[in-house]
Amino acid sequence: MSEFIIFSLLNTLIYGLLLFMLSSGLTLIFGLMNVLNFAHASFYMIGAYFAYQVSLYIGFIPALFLAPLGVGILGMIVERYGLRKVHAHGHVAELLFTFGLFFLFNEVVILIWGRNPVDYQIPGFLDFPLFTLFGADFSAYKGFMLLISIAMFIGMYLVINRTRIGLVIQASLTHPEMVSVLGHNVPAVFMYVFGAGAALAGLAGVIGGNFLVTEPGMAMALGPIVFVVIVVGGMGSLTGAFISSLLLAGLQTFAVGMNYSLADFLGHFGIQAASEGFWGDIVRIEIANTRAMIPFLFMIFMLIFRPKGLMGVREE
Amino acid sequence: MATAALKLDNVKKNFGDSQIITGLDLEVLQGERHAIIGPNGAGKSTMFHLISGLYEVSSGKIALKGRNITNMAPHKINRLGLARSFQITNIFPNMTVFQNVRCALLWTKGYKYSIWHLCDRLKKVNGQAHEILERIKLSSMANEKAAVLSYADQRALEIGITIACGADIIMLDEPTAGMSNQETTQAVALIKSVTEGKTLLIVEHDMGVVFDLADRISVLVYGKIIATGTPDEVRCDPKVQEAYLGKEAVECSA
Amino acid sequence: MFSVSNLHAYYGQSHILRGVEFTVGEGEIVSLLGRNGVGRSTTCKAIMGLVKHRGSIVFKGEEVGKEKPHIVARKGIGYVPEDRSIFPTLTVQQNLELGQKNMKKPGRWTLDDVYNNFPRLQERCNVLGVHLSGGEQQMLTICRSLMGDPDFIMIDEPTEGLAPQMVALMGELIANIAKSGISVLLVEQKLTIALAISHRMYVMGHGKVVFEGTPDSFEKDDTIRKEWLEV
Amino acid sequence: ADTIKIAFIDPLTGPFANVGDMGLKHFIFAADRINANGGVLGGKQLEMVPFDSKVSPKESLIQLQRAIDQGIQYVIQGNGSAVTGALMEAIAKHNKRYPDQQVLLINHAAVTPAFTEEKCDFWHFRTDAHVTMKIKVIADYLTSRPDIKKIYLINQDYVFGHSVSAAAKEYLAKMRPDIEIVGDDFHPIGKIKDFSPYITKIQSSGAQALITGNWGNDMTLLIKAGTSAGLDLEYYTFYAGGLGGPTAIGEAGIGKVYQVTEFNNALCIQYKNKEDEDRILAFKEKYGEDIFYLKSKVTMDMLAMAMDKAGNAKPKDVAYALEGMEIDGYYGKTIMRAQDHQLLQPMFMSRLVKQGDGFAKYDMENTGMGWETVYKVDAVDTAIDSPCDMKRP
Amino acid sequence: MIENTTMDSAEIKGGQAVQSGFSGAAIAKWAGIWLGFILISLALPKIFDSRFAMSMFNQMGIAIVFALSFNMLLGQGGLLSFGHAVFYGMGGFGAIHVLCMVNDGELRIYTELLPLAGGIFAAILGFILGFISTRRAAIPFALITMGIGELLLASSLLLPSFFGGEEGIAGDRWTEITILPFKYGQAIEVYYLILIWMFLSVAAMYLLTKTPLGQMANAVRDNHQRAQFIGYDPHKVRTFQFTLAAFFAGIAGGLFAINYEMVTAENLGMLPSTDILMMTVIGGITYFFGPILGAIFITFLQLVVSNITHAWMLYFGLMFILMVMWAPDGLAGLIMRHQPIWRAKRMTKILPSYLVALIPGLVMFAGVIVLVEIMFHISLSIDPESPLSIMGVSFKAQAFMPWALGILLLGVGGYLFKLAARRVNQAWKTVLAEIKQEGV
């Protein structure tokens, strides 16, 4: 049992940090700019593919820098020539636009790299067990992921809290004209912030792509959950995102280990629960199988009863 | 004497630690035109929000025609016959001017959430809506989107929506703000006519308007009523002069 | 110092300004009058580059007609909109901070000056903009623009919603602003302070300037008032 | 010579695109060979028309509709029992309503037993050994592995996965009562990207081996997670040989990963079957990929023979012609059992080994690893009695 | 300002510009439109009688109802839902379960009434979920609905007795228990059934926009706070609107159940939800008939284009993005923009400029197609070496020429199109100016 708990904790840490890397960019784009950016997970995917491509030729380390850069530039282009135009039409339009992008990026990725997973491998020099617990390895790469995500957290924390960027964006959401009238170059700020957000997602892709699989489905797989992270953490709160990432990861990881069901529970009291039909299903649901539902339950309750999230700065 | 149209009884309101309304006692009589004046940030609008149910009171009691409405939901209060306007224009931007007014009529005319009636067929309602547009001089704009009206026209629409509710207690928060003297006089005339036989509670900074309209005036300073009385009494009250009217010269017959 | 000539502005297809011309001198207070809907606010917006417009706008001998709003602002033109445009999700303090163009070098107006002039704002400095009272918002929006240290400021409806003694105070403030060498374009409906403090005034009608003169010459001239201000 | 169109309804996009894509290549390859040898019914060509099922029953019905709208009367499908179930129902109804436009379904991989047992239907033929048959092979083999005492079951959460788990429990209880089943998990199909939580669970359960029917990425990711956590475990699979399997598993899987299939690329050496070796090479030559199925060839050959035997391409006649058909496969007799339309063919249990070991002349996906057959069962011995009593039109 | 109002971006948030008053002419006009609509749909199967056409029409009918119901939320209520398919799916399950009972002889219900069953089931659910989710609006609402959708989808595996797991629930619509003399074996019979339900629903939903509730839905969309002060409870308004939308979505689901005789959990997942979102937006949410256009247009593309090319998803994505960027109020918006010009009988003045733009437009499009198809063929076709054929011309994808050609077409077309676009703009300006002067 104790080993199960330790391993689960490690899994939680890794999965959680991956979630955080992915959502950190979104705290800028969704949390600050209020753009429900569906394409965010796509940037993550593209980051992974770029990294794969680059590392084919000049190795993983350059990829670590070039891929996010590329994605960032892509992000800026998207903002400059797409989002900016749509922004005027309001939130729904924006959201639809990013949604269309998500769609398009998926197709383009398939077009270029095909439908099958590409062979984006963990770099050899990080592919050795850092330490071994109860006969299972903790690879150096996981340690590496840990470092990167911590670095991301600190870096962003400084940027957001040491500059006025946050304020400018906040203000621009309600009165963009007024902000520009006060002498701030709103379009530029938005472009750079969006680019940065995309780049962060790209970085997450570089790190996560080879840890998991790099395939066209990867965006779809993680798309919704990152929104959950932001909402639960609280709009615009980096710390919130960090905490909720780990929280959700923990819930999901540990859930897998629990095969209890209502029936078992009732069993303790010698109650024979229905075993047939709808109610039968209900009582026989094992916690392990609710894994996929947990985050969304969490999000819904958050939105209804505590819309500002765990650490939220502003009411949504 | 009839029960007061509105009665505030030691109402308090604080936001976090800062107390904004520090014990309000106010009585507005049936059918009177009552004006609230006071320095900026005194709590006039807040008081409106409390009465109309937008904010919850921290303590105290509010009664509408003798009925306790403390912390009631705004729409419920409205249904009891209280309509208000807003200081910062608050209309339905993407609907036509006509629809703006018509919507305000629907509930009072008893159509509730009906899905059995077709608005365009409701002769009486549409008739009245047009009538109101006439009064606020927006007939020409009837089918424009409210969003494109000029600021002053939007203020007028604001009033239009408020009076359309057909309530017998009307609260207006700085209705003439942003109007030219000229329009102000028109607005005052309008307000006079539509509040005929109704109770009016109005916040204004334009003394001309206030003294012209009000039967009685209450002065609100830092969350307290410091004086209530007829225009003359109030005008001559030294407290009021230094607290509010400032050095605006006022000659007193007393 | 500042001059516009042959200024045209449009909303979509509707042609609002049809060749507005006027000038403002150094440290001068000039007010722009007119029936509402005539386009005074639009004039200000056009100058800031917020609405589609053409015509020449010269500031400190430099053509700024084509510039983007934030450039115009950086060149030293300030604008206080009639709807105040307080940033609702920011606190009073943050609102003011955003007014500042760069955190490094403070201009003629610092936070302290603002708070000294309007103690009320200091009391409320941590309240969100959305919660401010009408009057407080009015004070805030003006101070916010002053924080940007403009050489020329356009103020649209500054006295709206202010209590009488605040109105008087606002009058003094604007006068002081002018004395400190900042030129002012004042747009006011009710003429409560305009007549008192402005050096010259223009009256607009049909999207053009139809009268120019000093306050008293304007007071004398009823026909103008009748024709262009009243209905 | 005009052509006979055959709809191929399998995932061509989505998480299982690679599986469907691979299948399609196999069947086109088989069809081409038949066409090259003069086609069917004296010169008619067989044409494979791909449709994308997205492994979704709903989607596959839409695709079936499209196929029928194009006048197609033969459907080959296999990826996903859920899909097969839907198609069987739909086709049965359709054939009732449009007697002049009947459609025949040939299922090359969806191996939920029910389809040839209680749910069996005249319009459905299956050319792959079903779950119980495969599990029986595994259980048989395990009798020769007394060292294995604890087994973990992990499967996809749908009818197929459940049948694997059920069959495994039944047959292990029968043939190795001493084995303890230390876990029995189901996970959503095609959704899990990181299996480490499950691996952790398996790890702490102390299992020595696991049995899984997982396929596609669910299979590769499962084993990848396992090997990369470096846990010491034997994997008894249905589809480890499948696309990307060997690559994902890597060296760590050598000697640990088993599969039950009708084919592996060492057989042709072991049984000295030149013809099959040519087939392997030709496929590699054409698509640059390794061949995984024999059943694709068997399926197409039988279909072609049935058409010739029936003398026309009417699904009904062809179906009757197929019933009880026997051929001599590369590795033994192969029979289409008339009672339930279940194909009986030799099955092999093979283990992942270094290229060159034993008969592993050819490797997989250039990984330097190939297969070594550890256990063979002849067609007749794979047979399991079926409760099916079929209504024939 | 006409142009200004139709082009006004704010309208993406919705806002019917309903003229008040029912002039005789207006009635005649509407009657005309409806009648035409009905006649066409009745005639359709006579003109196109291929099975393919049949199944396409059936899907269109269903999509129309679904899309309109979605627009009750987005267009009229300003509520962007990412979980509207929940009610589509649940309606389907409601209907299919009833159908199963009928099949098992536990119940006798006319096949024609199944959609109603679906609608009611969905409405009940809609009321409950609506009550919860409409406590918030805008993005929180969007996320809540998304959450609910994902939640139900995930739970589908856990409740096989209701959702039937991955396989879903299947039934047999051929029940012999019918009002009309149909068996509903054949697609054509189903077509007429769908047709009837479609017209009932469309009419109902159209009239709903004009009822007090419909109007207040708009009001709440625009300014929920003010709505409170004219006596309405925004939460109630939204809840009712939501429930009604769910009801019609349920009917659509019921029709789906009849058409495919099987419903799976994916019917209520994120994908159908977003599909309908796209359809509706492309059709245009600002006008009532927008979603209808969208449903017809997209369904058509989905079926026809996907038959011609495998890259169609790509084209779809491209088109969607272009629409969102350049035509925020959708096809309907594009059409209605011309209304003033049409009224002023000035179409002749802009059509030429359109023609001028059309040609380079097509060239550019051709360029895109060539390139996309080539790439798709190379990276995704079973056998890249085999020749690729576009519009009859077949060639080797690896060759240099096609590439060059594609790029050339794209470049030249694009450049000319830019010029042409300017001309179109100019034409518009002048025409509108003219109209303004005459105050038409």
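A, B, C, D and E are the chain letters, set down in written order, and residue numbers restart from 1 in every chain.
Keep in mind that, in the parts below, contacts are C-beta pairs under 8 Å (C-beta built on N, C-alpha and C of every residue); 3 or more make two chains touch, one makes a residue touch a chain.
Being a predicted model, the structure only gives us computed values, none of them experimental.
Note on connectivity: the fewest chain-to-chain touch steps from subunit B to subunit D number 2. Both subunit A and subunit D are touched by E. Common neighbours of subunit B and subunit C (chains touching each): E.
Put simply, the chain farthest from subunit B by mean CA position is D.
Ranking B-E and D-E by contacting C-beta pairs places B-E first. Each chain gets a centre from the mean of its Cα atoms; the one farthest from the centre of subunit C is D. If you average the CA atoms of subunit D and of subunit E, the two centres end up 39 Å from each other. Taking each chain's centre as the average of its CA atoms, subunit A and subunit C sit 46 Å apart.
Separation between the centroids of subunit A and subunit E, computed from CA atoms only, is 30 Å.
The mean-CA centres of subunit C and subunit E are about 48 angstrom from one another, to the nearest whole unit.
Counting partner chains per residue, subunit A shows two or more touched chains at residues 110, 115, 289, 292. Touching two or more other chains at once are residues 21, 157, 188 of subunit D. Multi-chain contact residues, meaning those touching two or more other chains, occur in subunit E at positions 1, 4, 10, 13, 154, 157.
Each chain pair that touches appears in this list: A-C, A-D, A-E, B-C, B-E, C-E, D-E. Put simply, subunit A touches subunit E in their complex at residues 34, 36, 82, 85-86, 88-93, 95-97, 99-101, 103-104, 106-108, 110-115, 224, 227-228, 231, 277-278, 280-282, 285, 289-290, 292-293, 296-297, 299-300, 303-304, 307, 316. Subunit A meets subunit D in the complex at residues 1, 3-4, 7-8, 11, 14-15, 110, 115-117, 119, 129, 132, 134-137, 139, 211-213, 215, 217-218, 221-222, 252-253, 256-257, 288-289, 292.
Remark: subunit C residues 48, 50, 68-70, 73-74, 79, 81, 85, 87-90, 94-95, 97-99, 101, 103, 144-145, 148 touch subunit A in the complex. The touching residues of subunit D, when paired with subunit E in their complex, are 21, 24-25, 28, 50, 56-58, 61-62, 65-66, 68-70, 80-82, 85-86, 89-90, 93, 96-98, 157-159, 188-189, 286-287. Listed in rising order, the residues of subunit E touching subunit C in the complex are 1-4, 7, 432-433, 436.
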